[in-house]
């Protein structure tokens, strides 16, 4: 494994609201290696999407990065000027978003929207960019690319529009693809089509993919490595096989137990008590402590740092060992 | 079962019943933040007060002209000066406020009532009623209301009532279209579907579900409507079709001022200034209301 | 089929007029429901599952077919008598904040249901509201709150409390948990199940999430492009899916693997759901079906019995072999 | 071609609307108390003649009534009149029968059209950029100034502004710009500015509102993710989408402006349609009044048709 493609260190992000402030990301550190699929899993409000969006400068207006670095190819993205970031976005890092219905420009032909990235980054001349767009459209499964080049987004279904989003993201052959809940808004059969397409494209191009999702099933089947996030911090990092064999963090365990799956009929499902609430004060101790059945006084004051827990497995919990023995 | 109740309690910190949580109060807080809107509201309230008590407070009777003091500039006796017949401009303006208010509010009310009735009818009933009313709205929208007002003035004459109807009647289309779109938006929404599933009658749904959610937008429309009608009244007078002198009105004063603007400019300053300031205040209030009740800003 | 059926839907069809063209939302659907049981309606977007739910409640009028609720055909009676029947049938929506009046406190919203039917005095209704809030696991102070102050999970409980307030017999749950977080989802599902046991409620549970439907339903109907392609008791359907579309659905669901070697491959079927404006002739699924034959393209398959209470609309369902020859 | 069919449909609608407007006005004026449309005005004017020479009186009256077709049944009158209107044979003014209406309108209509069109163009040319700047610099002092000024522009009606202009350029800065009359482009400047003041505000506020809304959309975030630079993002993605919302405002604004011309022409003493209409209405000259309504109405409706076509060209989702 060479030097990691993107490594984020001690990232803190805050959002200003009319009456209070929300601590969305509270010290997140992880890295993505080349040709790797990383799954970042968590419920809404866990800060999974904010972490990635802030690292490439797509933070909402009321958000501010208060600390941390994001090294990509030896340069810190967080210290970059807007112009430099614009060169990287779309060329070296591609992004796919959640809702295909609203993520395409309604008054611009889809062919032009795919070609725009190539022309902006002078990746190819107009003629060559046109041919490459047709080729890309064919590759992602859009029938009759030549005529459909001139169609507009409202003439396509949700699944097709997500394919167009993928074509846009891959236009300049980026090394890293960030997929922010790419299949959440799609039906299950369409989701499978998109995941299959993403897997083929990734393998052909040796591209790294970061998949942000709340769906454990998608993450554990699609990604090589899993990161579980809660309350703006990383709870657990593990190779997927290790994660499946032995989930160690109380939150991950609780989450896996509370998901209803095929074949669970009649089985008693134990929900995690309470619900995720936005953190509006300076976080102290483990964010999951208020809802954790194994929480001790220490969990409330001292923030558990990520520490190794067996090979290719890290955990941020003071009592991981006891928890695992109890659960086994 | 107990665990879910306990769990729900931890998430929720709900304060006791207090009026400061109702959407109306939230709206008022947002309105107050719009400083210009507050200033506008102050001026508009003054304008209304002047309209009510004006005639009793006015130093001179609007009919009485002081021949000795024709076309004088502002002085202690006549703070806003006098016109070419010796009327005290300050009293004239006070009377005009009343006449303007009576006609503008009357006309807005006429437009509003016709608009609400037809808008609700088209929105709720749908079918042919909707098609006919909407075609009528398009018809009224193609030509400026002022043209219809002109024709109506010829027909009905230039008294208070005829002016109210002349300006009011052509103004219904805007309100009808707004009410219809609001009603249609809600009728297909889940809130009304849920109420229907509860067994609520259409009257109950209209009263308790639709009306409270329409009031905000209607308030904004009214706040924009009134200044519109004020301009129409003045426009008619400039055109020579407004209130017949000697009844004072902003339109007549401004028309008169424009005839001899070169000689006595103050004839213009006060009526035009107050008239414009009033319009501006209404617009600021409307802008503030929009901010308070705008759907984009949430409720 | 025992005769004390709460609900019988027979050959219901519904079409909408869209820009002059006919949209086939529901095509000749039939099913029956015993009191205290749950029927799961599963299907992807555009399958018409929500429309079917609204047809049963007569929030939409069907073109043809009968809907017998406690013996009366509600698709034919006048709107005025329908209102009395509304007390027995209620609905819970996917987005609770859209179904609640933003200008009404939660307490008033629940009380309004009883006010409409003039049930009890003001005081009695207030007491009932507190009782309902406690029953769905919300603290009593919530009755003063406005919808914009509560979380998704809490709003959904308010929606349930409001539906319960009239002691209904049938509740249509239209994707009640799809918009909620995982940990909150389970709490609402358990609440629904406990309430069913306690009040002997009958549910029609509509969702695109097969796992949740399996967990809650006694019987499941799979909808594709407005038609019921397969219907069976819950465990039978998952043990022996007999319609190609049901099989595709089951294979497309990504489960958390028990063991690393069980990680699923990403294999997907071709094509997209055709537009309901011009549904394909014959079997609606034939353009995307791996087993499609010439007859599938021309003749619409009728419901064939696979086993007791298990029907599938597919030419390949061989009654003897008890399901599709793989 | 779809567009041709759309235009044909809309033209038919315009013609129907005009027929309705004119027939309605004709009927209203016919029954209006002022004896507006029957020959009572002429009868009163000639009353003394009736006493002296009844024969001559009846001759003149018959000749007058037949000239204006007043002796036909009402619906026939309307049909005849509509036929003349649409064939642009406007007949003669009642006030001074010798003056041929179409001649009179030939010089005045272009003046009003020029004023109205000029002010709408001016308000778009100034309003759109102002709105964009206010949106991009949201909640800064620039946005504050633009919003307040545009509200003020809306608040001061054209006729008030016109009088102020006359005062300014007539007295204080005398000679720079002519304050009355019509001829070269100089005379056009002040009236157009007065008319445009109100519109600039509306156009700017609409543009600002729809651009702010557009820049919040998901597809702007997609464009940023593509690395699209700031200005192309604002114009190719932001402004292009918000133009559609803004164009819908232009139609009604044009109708509002056309009304403004009537007042402005009077104050600046410009021989436009407004002047003609004013005298026609105040002196109950029905042929002139109805014809001016006819011309004004068709001008506005054609403008609305133009706006709809431009809207359809810009927004592909709109099927004609």
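Labels for the chains are A, B, C and D, by order of writing; each one numbers its residues from 1.
As a working rule, a contact is a pair of C-beta atoms (placed from the backbone, for glycine too) under 8 Å apart; a residue touches a chain by one contact, two chains touch by 3 or more.
Here the structure is a predicted model, which means the values were calculated and not measured.
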item: Of B-C and A-D, pair with higher C-beta contact tally; value: B-C
item: Chain nearest the overall Cα centroid; value: B
item: Subunit C-subunit D separation of Cα centroids, rounded to whole Å; value: 56
item: Distance from subunit C to subunit B - Cα centre to Cα centre, in angstrom; value: 48
item: Centre-to-centre distance between subunit B and subunit A (centres being mean Cα positions), rounded to whole Å; value: 51
item: Multi-partner residues of subunit A (each touching 2 or more other chains); value: 271, 274-275
item: Touching two or more other chains - residues of subunit C; value: 151, 153, 187, 190
item: Touching two or more other chains - residues of subunit B; value: 4, 7, 11
item: Complex interface listing, subunit D residues touching subunit A; value: 217-219, 221-230, 232, 236-237, 240-241, 244, 314-317
item: Residue ranges of subunit C in contact with subunit B within the complex; value: 54, 57, 59, 83-84, 86-87, 89-91, 93, 95, 98-105, 112-113, 116-117, 134, 137-139, 141-142, 144-146, 148-151, 153-154, 157, 159, 162, 166, 187, 190-191, 194
item: Partner subunit C, residues of subunit B touching it in the complex; value: 1, 4-5, 7-9, 11-12, 14-18, 21-24, 189-191, 193-201, 204, 208-209, 212-213, 298-299
item: Residues on subunit C engaged by subunit A in the complex (per definition of touch); value: 44-45, 151, 153, 181-187, 189-190, 208, 210-212, 214-215, 234-235, 238, 248-260, 263-264, 266-269, 272-273
item: Of subunit A, residues touching subunit D in the complex; value: 56-58, 82-83, 86-91, 94-95, 97, 99, 102-108, 116-117, 120-121, 152, 154, 165, 168-169, 171
